[in-house]
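Got a structure here, written out as C-alpha cells. Questions coming.
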C-alpha cells in the first residue's frame, strides 16, 4: 500500500539512484539531445527531498510539492512533463492518504494522459509515454500480491527492449533518424534505471 | 669590403638564422612583451629575400628595398626602427657601390641616431641602441684587418653581459621593473644571435 | 574555459541584475517576479510582445526587451525553460491591454510552459497568440519545418513583431506578419568548440582538433554531421548550399542576413564569413538589403557561427528598419 | 581554438573586405589604399578624426569609423602597427580641410609610424595633432601615465573626439577635449585565457587552470601579477581598488564605465562584473551616468575583461551622448 511513508522512502531512494546515474543520464541525452537529463532529474529530486519534511498524510499535498519542485528546478521537456503529471495526479488524489492497486493504475493513467496532451506525443513515439504504457498493462494484468518493485523494473525494461531498432519520433532526437534506432530513448532509459529503487 | 654580393649573402644567412631562432625570439619577447619579435624579424627578412633579385650594385637602392620590406611586413617597434634606420642609411649611401670600414662606422652611427630620434631612446635604456653602441666602439677601436663577423658577435655579446642586472627602461618591458633585471632585452638578444652569421 | 563568476547557482540572477543595473533606462524587473524583465517605459495600447527561454544565450532572450522589440521576457535557468509562473508573469507584464504575442523558440519545455501560461492568463482575460520560431534547417526536414528548433533567426522575429506592434497593428496582424517572418526564415550553424555550463564545469561535448559539427544546436545538441574543419570559404559554400536546397530564393529576391557568433568566435572571422556569403548571394542576384554581423544569440563561450537569411517583402523590410531602442540592436 | 578562416595571410584583408561589404552605408575603402577604411559619406568642413592600429581587436580600430566617430582608419596586420604609408593615406582620407586629429594607442610601432606619417602629410599642407591614448593602469605608474598603453578606453576617446569635431570645434578644441578625456580615463583588465594568432597557430601565453593575469595587455603582453582565479566579486573588488588608488574620484563625480570582453568571455559574465562595479561605485556615491557592457576592444578569442572609467564633466558628457552612426556604438 502506497502512503506518505512509502512515498518518502521512494523519493529518498530515487534521489540516491539519480546521483549515481547522473552522468549516465546526461550522456544518454547528450547523444541525441542537450545532455541535461541527469541534471533535470537530479535537480528535481533534490528539490523534492529538500521539501520532504513538508509531506503530509494527504498524498495530494505531496504530489503538489513534487510538481512544484520540478517546476522550480527544471526547464527541460522531461521535467516539465513530470511537473504537469504530478500536478494532475495531485488534483485527482485530493483528500486521499493511501493508494491501492486501482489508485496506482489511475495515477499511471493520469500521467499518460498528461504527457499525451502536453507533450503532443503518441504511443509508439519511443518516449517515456511508452514505458508508462508497459507499466499500465502489467498493472492491469497483475492484480494480486503485486511486487511493485519488480513490476516497474520489468515493465520499463520490456519497454526498452520493445523499442530497440525503432526510431525516436519526437523531441530533439527525431532529427537523427536512423541513428536513433540503435539508441535507447534517454527518458525511457532513465525510467528503467530509476525503477530499480521501487520497493 | 661590403658590397652588393656580400649584402645578398648576409641577408640570406640572416634569414636562415631567423628561421632557426624564431621561437627563441618570440619566447624572449613574450616574457616581457607581446611575443612577436621572432615574427617581426622573420617576416622582414623573408620579404627582403623575396626582393633580393632586385638588389643593384648601388647599395642605396638595396637598403631602400630593405626598409620597404620592413615597412610592409612589420608593425612592431623593432621592425619600425629597423625600417627607419635602413631608410636613413639608404639616403646616406646614395650612389655608393662599396663600403669600407669608415662607411660601416657611419652606417652604425646613422642607425643609432635614427633609433634615438624615432624611438626616443637613450643609451643605457637596455635596448638595441646599446648593442649598436658596443659595435660602434669596437669598430672605432679596431681599424685594421677587422674580422667583422667576430666583431659583431663579440660586441653584441659584450652588450648583453654589460646589461645583466640592469632594468629595461623602455617599451613594454619597462613595467616589469625588477623582473627585467634578470632578463636579456629581447632585441639585444636577437642582435647577438643574428650576429653569428656575419662573415 | 575559466569563468568570471561567483557561485554557479547565482549565475542567472546576478547576470540579469547586472543587465538591469547597467541599463536602467531600458530594463526593469517585474514587480511580482525576479525572473521577469520588462521595459522601463511601458508601452500603451499596443500589442505586447513577450518572449522567454533559457539563460546563457545573451543577448537572447532578455536583452531584446526594449521599445520596438520585446515588452517583457521570462528568464529561465541556463539552457532551461522558464517556469509556467515566470512566463505567466512576463505575459501579464508585457500586456498593454491589446493582447500579447508570445514569440519563442521551438523547444519542448518552452513550448509546453508557454502553452500552459497562456491558458492561465486567458482565464484572467488576456488574449494571447503564439509564434514558435523554427528557423534551424538542421533540426528537421523541410516537410517538418514546424518541428525545427529556433536559433539565431529568433531575433528577426522579435524585431518584426516589435515593430509591427509599435505601429499599432492588431494582435491578429502582428501574429500574421511575424508568422510570415518565421516562414521566410532559415538558419544553418556550425559549432567548432563546446561551452561549459556553470553548474556542470566541463564541456558539454568534445570535438577533435580538426572537427566541426554542422547544425549543432545552441545547447550543444548534436548536429547533422561531424566533418573536418576546412577553409572558411569552402565551409560557407556548403552552408549556403544547405540553405538554398531548403529555401528557394530567386533572382529578384531581397533578403537580410545575420552572421552570428555563438560566443567565442571573433568578429574578424564573422566578417570573413560575411564576405563570402555576400559574394555567393550576389552571384545569384539576390539582394542583401542589410547584414547583421555580431553576437546576437550565443551559447556562453561556445565557438562557432550561424548564417540566417530572412526573405523580405515590403512589410517585413519596413518592420526590420523601424526604430527600436535596446543596447543590442542598431537600426 | 579552431578558427573559421581561409589562409592566415589573408585574414586581415578578408575581414575588412567583409566589414565593408556588410555595411556599405558606413564603411568604404580609400581609393588609394586597401588598408584604409573611410566613412562612406564624407564629412565636410570639420576636423578629421583618424586612428589606426593592429588588426585582431575588432571593433577596434576600424569598426569605429562612422559619423560622430572616426573619419578614417589605417588597418595594420594582426597585433601590428599599420605602415607609415597606410597611416598617411588614412590622414589624407580623413581630412575634410580643417586639420586632422590622430587618436591612437600608445604602442611603440604605432606612435613612431603616426609621427612619421604626420610629418609627411604636413609637407602636403595637412595640419595634424596627436592624442596618444594611455588608459591602462597596469602598464606604468601614475607618475609615468604618459607611458601607459592604450586599451579599451580608446573607444571613449574616439567618441569624444568624433562628437566634438562633428559639433564644429576647431582642431585645437577637439584636441583639448580629447586630451581631457584621456586624462580622465583609467582601465584595468584581467586575462583568463590566451588567444591564438592566425599566423602562429598556438596560444601566445599559457595560464594554469586556476590562474588569471591582472593587467595583461590586449596583445597578451604580461600584466602586473599572476594570481589565483577567484570569485567575480572579489576580483572586481580588487580591480576597483587598483582604479581608486590611481584615480581620485569623489562623492559628487559622474562617470561612465565600460565593461569590455576581450572576446570569449560572455555577456553574462560581463553583467555579473557590471553589477558589482555599480554596487561599489554607488557605495562611494559616484554616479555612473552610463554603462557600456560588451565587446568593444578585443584580442581575437582571448578570454578576460577590463573595466574602464571615464570621469565626466558637462562637455565630456554631452560629447559622449551625442549622436553617432556605426554598428558598434549605440547612442
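The first chain written gets the first letter, and so on, giving A, B, C and D; residue counts start at 1 in each chain.
Following the convention adopted for this analysis, contacts are C-beta pairs under 8 Å (C-beta built on N, C-alpha and C of every residue); 3 or more make two chains touch, one makes a residue touch a chain.
Quick caveat: nothing in here was measured; it's all calculated off a predicted structure.
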TODO: Could you work out how many touching-chain steps separate chain A from chain B at minimum?
DONE: 3
Task: Distance-maximising chain from chain C - centres being C-alpha averages - done: B
Open item on the list: Can you work out the whole-Å distance between the CA centroids of chain C and chain D?
Closed with: 29
Task: Gap in Å, rounded to a whole number, between the CA centres of chain D and chain A - done: 55
Task: Centre distance in Å when chain B and chain D are each reduced to the mean of their C-alpha atoms - done: 31
Task: Each pair of chains that touches, named by its two labels - done: A-C, B-D, C-D
Task: Residue ranges of chain C touching chain A (in the complex, touch as defined) - done: 54, 76-77, 79-85, 107-110, 112-113, 115-116, 138-140, 144, 147, 149, 199-200, 204-205, 217, 219-222, 224
- [ ] Could you please specify the touching residues of chain D with respect to chain C in the complex?
- [x] 1-7, 11, 14-19, 21-23, 55-56, 58-59, 63, 190, 192-193, 207, 209-210, 212, 229, 231-233, 235, 259, 263-275, 278-279, 291, 293-295, 298, 300-301, 303-305, 327, 330
TODO: Spell out the part of chain B that touches chain D in their complex, as residue ranges.
DONE: 26, 30-36, 39-40, 71-77, 79-81, 84, 118-119, 171-172, 174-176
